[in-house]
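Just so it is clear, A, B, C and D label the chains in written order, and each chain counts residues from 1 on its own.
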Amino acid sequence: MGFVAALIFIGIYCLLTMRNLIKLFIGVEVIAKGVSLALIASGFERNNIYIAQSLTITFIVVEVSVVATALAIIINIYRHTKSLDIRKLTRLKG
Amino acid sequence: MVFTFILVPLVMASLMPLIGKISKKFLPDILTNITLLFLLIYSITIGRQIISSGTGIRQLVWLGQQLNITLALDGFSLLMLFLISLVSFAVGLYCINYMEHYGSKAVFYALFLLMIAGMNGLVLATDLFSIYVFLEVAAVASYALVAFGLGYDELEASFKYLMLSAVATAFILVSIALIFGFTDSLRLHDVALAFQLLNAKYLVGLCVTLFIFGFGLKAAIVPFHAWLPDAHPSAPAPISAMLSGVLIKISGIYAITRIFLNVFGLNPAISTVLMYLGVISILVGAIIAFSQNDIKRMLAYSSISQIGYIILGIGLGTPLGILGGLFHLFNHGIFKSLLFLNSGAVEQATGTRALDKMGGLAKRMPITAATSVVGSLSIAGVPPLNGFWSKLIIIIALVQAKAYGFAIVAVLASGITLWYYLIIQRQAFFGKLNETWNNVKEAPFWMSASMIILALICIAIGILFPIIIKSWLVPATNVLSAGVYYTINLFRF
Amino acid sequence: MIQTLLLTALVIFSILAVLLRDLLKAAISLAIASIFLAIIFFRMNATYAGVFEISVVAGLITVLFVSTIALTKSDGDVRESKVVSILFPIFFVLFIIIDIFVMKTLLNRLMVVRYPAPTGNFGQVLWGQRTLDLVGQIGVIFAGVFAVIALFRKRDKKDE
Amino acid sequence: MTPANLLIPILLPVGLGIISFLIPSKTKLIREIISIIGAGVIFYVAVVLFRIKNLNYIVPWAGTGIDFDLRLYHFSGFILLGLSGFLFLIVLYSSIKMRGHNRIREYYGYVFLTAALANGAVLANNFVLLVFFWEGLLLTLYGLITIGGKESYRTAVKSFIISGFCDFCMILGIGILWYATGTLRMSDISVQPHGLTAVSFFLMMIGAIGKAGGMPFHTWIPDAAIDAPVSVMAFLPASVEKLLGIYLLTRISLDFFKLQVNSAFCITLMIIGSATIVLAVFMALIQKDFKKLLSFHAISQVGYMILGIGTGIPIGIAGGVFHMINHAMYKCGLFLSAGSVEHRTGTTELKKLGGLYREMPVTALCFAVCAAAISGVWPLNGFVSKEMIFHGSKETGYLIFTIAAWVGAIFTFASFLKAGHSTFLGPRTKDIPRVKESESLILLPMIILAGLCILFGVYNKLPLTLFIQPILEGHVPVGEHLDFSNHGLAVANPIAMISILCLFIALAIHFYGWNRGEKRAYLASEPIHNLPVLKMLYNKSEARFFDLYEQGVKVLKGLSYILFVGVDRTIDWIYEKFVTFIGRTFSRALSWAHSGNYANYLAWCIAGLVIIILFIGKLLR
């Protein structure tokens, strides 16, 4: 469990400090690794690996959809701004 | 068969692009709205059965073989299904006119139906992980729908929404993994039973916190609300209506309520945390909404504030509080969608969302103005419209539970709510007609029709609220106030 | 012991993925981290999950990342601040200490409910017990596909 | 007949109102036919319900004692009958009189809505329901007055505020009563008024009197008489509001509160009643406009009813209630005949009218009958009910009230002599061209009403035994007989003699004034107008010095100036400087915090997570 926490920490640190949109998304991916590790580890501990595996596979499929959507959005943003800087994405505020 | 609620929109959504190849607009319009109407009627008819025969746990049979799909339809999920189908039906009608110039109507409808399928699945699921999966179905569809306009604002909002949600769902999954690790099952019944045996209050505390982050972000509870005032105004108006009216309630509040009340059991600590979160949301939402100039952004902040009321009522945990919370949830779903649809009609007619540029639109758009007056008065809690009764019930429940401080805040904030909705009315619809809008026209037929339907529902619920409470809300409240024992006794399969 | 080493490698490559300036290298580090994760899965008897992790995450997602990076071609124009990389070890060590401390106290207090281990093989479990998730998977895949179609469509009019 | 049929008198008029509102205003005849038939059906239903007597219809509504509870019993059935009868007559009359009015759709809509609300208010057996219908009437009253034209808005607002004040008092009274008794079911409440419930009694009394139009809540009626259509006047202040107000007053003083004869409450009521009689009749006497004169009488006659009910003695109460139904009939008839005159001549100013009896004989006759009835001429219905009130008030021992009532009788007759004389008799003026008699549909309601006046007078046993006496059953001591009809038309007793003497005095006054005024009938009241003290009072009154509303407006204006300088500016300053400032600052600070920065938002979430973890950990410990 400690490693899961570490992975999530790395991911959130990335999200909090990085500026490149793709880099931010890599942060999300790192968190996702932590999550799938957590699922499998729980199953392993409980001697119930089959269910844990099916959960993980479902999770991976979900992740792929999210990644595809997110990257499509990122490419669209790039088309608008010609930049990938999160700091420029502050038009909506107040 | 309960599975219809998931299957029909899913199948229709998958067919939609093919249909779109045959006919660009006409067939998708018709088929989508028929599907939505079917779901609405089906939820009402099935509702009667459920009310007469009690909770329905359905195990699916396919080709004579038992499938391991277990869905639970009880008073609470029925109320949610009804809300989803009602609002999505009205929104579907609205889309016929509104989405004309966005292009790719078929894909739009496909995503729209997927979102509904996801929410229906979430409501019917009896397993924590299934709840997560359907949450993601609705969420992925909603990311795309928010960005559907492909403008800069839409993309920015959608991106932030996605990134915050991704973290939130990660935390939900961590919590699910924890629960799986400790109870060896994810079915609500097993989990509830295991927690009763374990009596592990720290584990519950940890999971509750993670869930509050995860689902609370979906529900836009302060301080997890920041994506909402970006995403809701940027989305196309019907999608704003869906998001504010239904999605945040299903993927946020439904999940929180179901898990906290029926699986973990509401203990004083959880209750206190929820109530404080509710009050903070009420205040922050109301105060920021006050100084907005963008009409949709104001509505979005007001959603945060109203969500606070719901959380406050449900977090109180007394049957009356839960009843008030659920009633407010239902009402808010209706009038907030109405208001967003109004704002969409105004935006389409004038091309602006800035309140200070509007003025006197009531003369040009009487239907929009009249329905928005109904919506505003409802949300501000003016008797005898529906919002009044639900807020009243929440406040009575607070007073009964001797939570006077919370009650005072609730009353005060409803004053502020009235105030800023009067500002909307005065600046947008009444007062002197801004000459720029001299040749503005009333919204097209289907848009007007859907706004009128929602406004009439607001009035009807306001007058007939005893009937609504009796037939729809009391069963839902009974499910929730029975607490953990409800799940343990009834979800056994 | 080997498990711990593998886990450490996973964490290290994740850190690299986050901290490396070059996006392409970062993406590849992420893929390597995925492969380590897959190996861990194999060692935990989670073969199918491992296969998925390698093929989908290390394969498909990396491809997606790389193609995005290629499409945007802007690795250089966003300067990450250097302070971030310098401060990272400090925060990380701090976190690890808190983490170990919390985990020890927390895990010791918790009890566990044990159910008999399920019988049957993986296919039966996936199809027999998680059928609804499969329906959900179909929904998610559709949603993802339609989302991409919607986001890459040609706008008819009203392009900003 | 099932209890659910009690909904018919409420829902049917609503439906009719909506239908006639939806019919385009250009359409002729259809609206009128539907309305007349509909009103006829409502009247029929009321008759059937009156014969059934006892029905109770309860639907749970809002919980905690607030039910949708309708109760039909003798009294409410009687009022229902009266309401629907008047509705029918007014619709009949309006079919000609209001034809072609540009707001005809709204007019019919409001009339039927008023009927529905009034029926609901009468049938309601739950205070919340009562208030619901009662307040609804406020809106329709406002709407109906505004139909009069542009000038009428001011009057409408005035009536709205005055009635609104009275209704507010009533709601307050009901609230106190609820607090004291713990129930909202009207038929369950019966208390001795003392302490808190006494306050409640007074508040509810204000509500009832205000609805009936007693002093000092009367001032909108004369204004409305000028502005509003005459059929509205005949419908609302003359009949419906009287019926409702006196109905509630009777319920208050008979059922909800057990009033003792000559208790402080009774004396208060009697003082209000007799003051209303005398003051309003003096105002009526000097009016030079037909409709305005009638409207002051509408106020004055309320005084008799309040006086009668205030006596607390069975015969007085019976007289008050009987007077209510009588008054509704002849005052409605009088307004309608005024309307008929206006319909043909286009004016109601007495100065311009004269000698119309040849051209409009039926109108003149109906007017004569109704005027005689209101003045209490033997053997019409007014005589009977007034006698009963005189007897009742004399029995209390306070002769002063009886004398006040007699004074009222004198000047009532005098003023009607003046009105009738100057309208229908005397020389024909040149101000108006030759006219014809009105259409038969206008005459028919008047003939019916005049006929009823005669019937109820000559054969007073019928209404008394059929309608009035059952109301008092259970309120008289056991063994006492409940038959007032022997008082009926008896003249061989001192009270009746004095009453008749009063009529002769009135005649004398009229002829004296007529002679003094150079045989011009509309000046017949001038000698009284010019009496030393009275003249001053009259002048002040004409200048609306005694109008509480107008005075209130003046006082408020003065007060508001003082407040504006003293308080408002100060509060404004505080508001500007503190409340707005703090609000703005908060709002701005929060807006500023929503900077659009993703990392920022995520940081809040994480911070929130940590705080909640710590908080929950602390709570769980």
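Miscellaneous remarks
Convention: a contact is a pair of C-beta atoms (placed from the backbone, for glycine too) under 8 Å apart; a residue touches a chain by one contact, two chains touch by 3 or more.
The shown structure was predicted, so the numbers you read here are calculated from the model rather than taken from an experiment.
Common partners of chain A and chain D, by the touch rule above, are B.
In terms of C-beta pairs in contact, the better-connected of the chain pairs B-D and A-C is A-C.
Of all chains shown, the one whose average CA position lies nearest the global CA mean is B.
Chain B and chain D have centres, each the mean of its CA atoms, that are 49 Å apart.
As a whole-number value, the distance joining the C-alpha centres of chain A and chain C reads 6 Å.
Between chain C and chain D the centroid-to-centroid distance comes to 79 Å (mean Cα coordinates, whole Å). Centres computed as Cα averages put chain A at a distance of 26 Å from chain B.
Residue positions of chain A touching 2 or more other chains: 11-12, 15, 17, 24-25, 41, 43, 46, 48, 51-52, 55, 58, 62, 65-66, 69, 73-74, 76, 80, 89, 91-92, 94. Among all residues of chain B, those that touch two or more other chains are 129, 133, 136, 140, 143-144, 147, 150, 152, 156, 159-160, 163, 167, 181, 184, 202, 206, 229-230. Counting partners per residue, chain D has 591, 594, 596, 598, 602 as the residues that reach two or more other chains.
If each chain is drawn as a node and touching chains are joined, the picture fits none of the line, ring, star or complete shapes. Contacting chain pairs (ordered by label): A-B, A-C, A-D, B-C, B-D. Considering their complex, residues 1-3, 5-7, 9-11, 13-14, 17-20, 22-23, 25-27, 29-30, 33, 36-37, 40-41, 43-44, 46-58, 60-69, 71-76, 78, 80, 82-85 of chain A touch chain C. Interface residues of chain B facing chain C in the complex, by the touch rule stated above, are 6-7, 10, 13-14, 17, 60, 67-71, 101-104, 107-108, 110-111, 114, 117-118, 121, 125, 127, 129-130, 133-134, 136-137, 140-141, 143-144, 147-148, 150-152, 181-185, 190, 194, 197-198, 200, 202-203, 206. Chain A makes touch with chain B in their complex at residues 4, 8, 11-12, 15, 21, 24-25, 28, 31-32, 34-35, 38-39, 41-43, 45-46, 48, 51-52, 55, 58-59, 62, 65-66, 69-70, 73-74, 76-77, 80-81, 89, 91-92, 94.
By the touch criterion given at the top, residues 591-592, 594-599, 602-603, 606 of chain D touch chain A in their complex. Residue ranges on chain B touching chain D, taken from their complex, read 156, 159-160, 163-164, 167-168, 171, 201-202, 205-206, 208-210, 212-213, 217, 223-224, 226-227, 229-230, 268-270, 272-273, 284, 287-288, 290-291, 465-466.
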